[in-house]
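Look at the two complexes coming up: chain A is in both, with chain B in one and chain C in the other.
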Partner chain A sequence: MTAMMLDNDRVVDFVTHLQENKPVYAPHAKGRSSFVFDQVEKPDDVVLDYPRTLHSIKKFFLPPQDDLLDFNLVENSFTEPELKPFDAVFLGVHSYDLHAVMRLDYVYSQGNPERNYLARRQGAVFVGVSFTPDKHHFSGSVGIGTNDTTGFDVFLHIVDDGYAVEALTEAGTDLLQGFDMPVYEGALPASAHFEQHIYVPQGKLLDVFDHGYHSVVWSDEAAHCTGCGTCNLICPTCSCFNVEDHVDVTVTHGTRTRSWDSCMLRGFGEVAGGEVFRENLADRQRHRVYRKFKYISDETGEPWCVGCGRCTMNCTAGISIVNIVNRLVNEYDKSRAAV
Partner chain B sequence: MTEHKLMDPAGARDLYLPEMAEIVAVKDLTDQEKLYEIVLPEGRELGHKPGQFVAVSMFGAGEAPFSVSSSPTRLGSFELGVRKVGMLTEMMHRLVPGEKVGIRGPFGNGFDMEALRGKDLLIIAGGIGLVPMRSLINYAIDRRDDFGRLIICYGSHSDAELLFNDERKLWDQDPRIEHHVTVDVGSDEWTGNTGVITTLIPRLELDLSRTVACVCGPPVMYRYVQLALRSKGLPEKEIFMSLERRMKCGVGKCGHCQINNTFVCTEGPVYNGLELKSLQEAL
Partner chain C sequence: MALKPRIGIFDFTGCEGCELNHLNFEDQLLDILEHVEIVEWREAMDGRADELDIAFVEGSLSTPDCIERIHEIRRKSKVLVAVGACAVLGGINAMKNIRPIEEVREEVYGKDKYLFPTLPALPLSAVVEVDHSIRGCPMTQLEFLKVFTSLVMGKQPVQEDYAVCVECKLKENECVVEKGMICLGPVTRAGCDAHCPTFGQMCIGCRGLVTDPRLEAMEEILVAQGLSMDEARKKLQMFNANQLEGVTS
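Coming up: the complex of A and B.
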């Protein structure tokens, strides 16, 4: 497929073109140094060269607060809120964040397929953009390059003076229809270099985690952990939730709402008798990391961590998931050498 | 890296919508526990297996999992035994026949009744653990010839807290049921065994080649019961334990009931001793 050239000075026109048929969601600058994915109102607010957004695009398909049903306490009855597809163009998505969405697609399609998520996931069109890794990105270590186009309809490769635009699906070709661009003459750039690495070949990661369950790493790392749960809340593949009923002030109506939850919080593993099955932070830290590299990975063969760096960057105690994994790799290598 | 297929939502079910089911009878078990008989819309059968559970909705209080206490061999309705411990169960305890609750389920694996066929069943129930085990017991009573011996060991904190006294009197009278009871602390009137449930196990005479133990009780009980059964010589894979975790969804999504790599709500709550060995977080 021939790539087309989108010059920097035509990006605003490009965004305007995308807005013709569907609402467009894209990264915007927020505060001093943050970026958020939001609906585009003014095309020149869109930022395509950004390190990462605070939250991934998960929030659109699995909202932080999601009403499962509306109930009527007077009649003891309920209705289901309408489930609408999130029919929009997502512009400027990084490869690791779409990989995260594809992992959520798996979670909500396998076993008991969930209509709430699947209905919302219909209709979205993804326009990716490559990125320049900062000191926290390590998606390259989990097989996701900066120019990985898997799952995208259109992909924008950062090149001199603009972007090389690739249409990858029929929906992508349709999206570019009517926006003329010259052919891009150069070769598409390779994946950019990552500063941050997990030092293990992908296939060997599962072995490392087979070995690391009783490692001292967990209690070492937990010594700094405050159990705040931030790492879960900003993770693009975390999908655990809580469900609670909220009654309105008239005490006649209410909603049953699910909200993002965190396995790092003590109450998460509590049972009816008050016992907590992952009582200390080392147990919870291990559970979180095993959910990213072991449990579901045994089933699917791929890490559930996409290397975005959010949990490390936002950790209030400075705990690095890369450091945890590399310490386990180290221990594993040492134990192998000793044999 | 594989691209995961996104399923068509037309093929997905509404996982979180309860059915409004009618309470047709309420019985006091003790001053803390009540037994509810419930009928689904149009008298539809729940279609559960012993050991499975349902999620009960009380709008405003939320939802919680309860093991089904009745046997699927008894048609037309199902029963839940509910101890008053929190807001949802407080609200449930105020329900009277004719009122409705939301029901989702049945969920979980339940006991594999085909695998248990022909075996001597050793049922070990601690406290409120008798509520789910009653489903299995009545199943075996109703299909008595499908099973070998039916041995029931039931332990309770005190004689005042013993459950299903009328039914258990019938078990005492039935020559094909071996029914042993102990209480941790007996009242002055108590003439039966005293001591924790594991004290009943050493005196049992078991045919190890055909005995399967099914265990349900408070978390602390499992480790000791397992030890007692192992020292009788019963292999780990013949000890089935029904675990309890808090659950929010019942369908393998919310993550609350996850023990290592298993979801209690879909792959449990019944695990054998061998399976539990690899689950460090289980007991």
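Coming up: the complex of A and C.
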């Protein structure tokens, strides 16, 4: 399909156009140097050229804290909050974050389908935007380029003076109806260059992880780790949660709430009787990384890490998942050479 | 309806800020009083009680008199709850424990020091059995309500045992380290809903350490941010002197 040209000075009009039918969610600046996805109030505030947001768009389908039910202890009854599809336009989503949503779709539809997530996942329209990789992005190494349009309804390719707009689905074409743009003359750009790399194809990565279970890498990296859980909690494909009941001070009403959890936390592995089945931080570090490159990947053939770089960037101890994986690759190559 | 639990509120060495925080429950105070009868509270009322269902105790133990009184409170209370950093950890007071006790005594009381016997500042748990803890400086109101509600219901309160970072991340806060601040969030126990970082301040560790804290990793981070090892240690000592010096576990 032909792409259209959206000039930089028409971006605000474009956002206003998108707002006509559905609420629009897009990146906004936050704090000193961060970005967050938020509902657009003023089209002027939307930032399309950003490295990455603090949380991915996962937070809309799987809120960090989600009330599952309200209960009444006196009447011994409960009500479930109404679940609605997240019927909105997500503007300015990066390729890796939509790949992450597709991975969550898989996780939450397997086995016992996850009702809340799947209900909210209906109805959303995704408008992607390409990005300029910074020193932490490495999605290219897991097969997700900066201009990967998989799953998007519309995609904005960064070009000189603006964006080449590609409608990819019927919903995408509908979205652009009534907003006139000239045809974009020229070829659509290829993926931009990444500074960070994992130096192997996925096929070999599975072998590397078969080999790396007892590697010294885990205790080496854990020595610098505080076990704070940040790496899991900002990961777009982490899907574990905890459920707790909270009774309010009237002692008659309460709420059952689910919160994002982290396998890097000691309490994650704590079971009845006080036993902790992953007491050692090195084991937890290994588990985290194996969840991204082996356990589910063995089932699906795809890495479960999408290369967004959030865990590395947000680690106050400077632990890098790219470094961990490359060290494992290195060890694997050496062991092969020795045979 | 069953008789309301009889509660008492007590204080030891501290600023009384935690006690005052009981009165700051403006929206919940009437609900709280619906469920309990306050029978002893030096700061707010007259009278003493011989028997209590729940004692909420603030402050660290720092004189021989404190030791006597905490034993008496323990004896007459079915449940004893330590309230605030001083009662749970020894608090800021415990910084004195790092120095020789006679030196500290002389510095504070001068030539009259013989009139004021003193001990290392201890958490309540170093002397009597403590059933539950409400951490924070001042005590975290959110946690008070959770513990209070659980006790009124006859249930075991759940205590958070993970880093403040977790709560910060759930709120999608920008990391204060990103702003160049020194933050103890990675080893400090959550339960405050990341109150300080949410308002743009660093965590100074008032809720104490998580179980199995990675202090070496934390110190490494602080040193990488430009502190000396000594300064890094002092940051952690502010609320955790007893634990760091091995006075308490």
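To be clear about the criterion, the second predicted complex is superposed on the first by the 339 of 339 C-alpha atoms of A that agree within 3 Å, B and C clash if a C-alpha of one lies under 4 Å from a C-alpha of the other, contacts with A are read in each partner's own complex, and residues count from 1 in each chain.
The criterion applied here is as follows: a residue touches a chain if its C-beta (ideal position, glycine included) is under 8 Å from a C-beta of that chain, and two chains touch if they have at least 3 such contacts.
Here the structure is a predicted model, which is why all the values come from computation and not from measurement.
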| item | value |
| --- | --- |
| Touching partner for A:324 - first (chain B), second (chain C), both, neither | neither |
| Touching partner for A:62 - first (chain B), second (chain C), both, neither | neither |
| First, second, both or neither for A:260, with chain B first and chain C second | second |
| Contacts of A:281 with chain B and chain C, given as first, second, both or neither | second |
| First (chain B), second (chain C), both or neither touched by A:176 | neither |
| Per-residue contact with chain A, leading partner among chain C and chain B | B |
| Which superposed partner A:227 touches (first chain B, second chain C, both, neither) | second |
| Partner chain(s) touched by A:33 [first = chain B, second = chain C, both, neither] | second |
| Which superposed partner A:247 touches (first chain B, second chain C, both, neither) | both |
| Intersection of chain A interface sets (partners chain B, chain C) | 244, 247 |
| Footprint of chain A on chain C - complex, ascending | 28, 31-32, 34-35, 145-146, 148-150, 152-153, 158, 161-163, 165-166, 169-175, 177-179, 183, 185-187, 210-212, 214, 216-218, 220-221, 224 |
| Of chain A, residues touching chain B in the complex | 68-69, 71-73, 76-78, 80, 83, 99, 102-103, 105-109, 111-116, 118-119, 121-122, 143-144, 148, 150-151, 213, 239-245, 247, 254, 256, 258, 261, 263, 268-273, 275, 277-278, 283, 287, 290-291, 294-296, 298, 300-302 |
| Residues of chain A defined as touching chain C within the complex | 30-34, 36, 54-55, 59, 64-65, 223-230, 233-234, 244, 246-251, 259-260, 262, 265-267, 279, 281, 314, 316-318 |
| Touching residues (chain side chain B, partner chain A) in the complex | 1-9, 11-18, 20, 57, 59-64, 85-86, 99-100, 102, 218-219, 244-246, 248-249, 251-256, 258-261, 266, 280-281 |
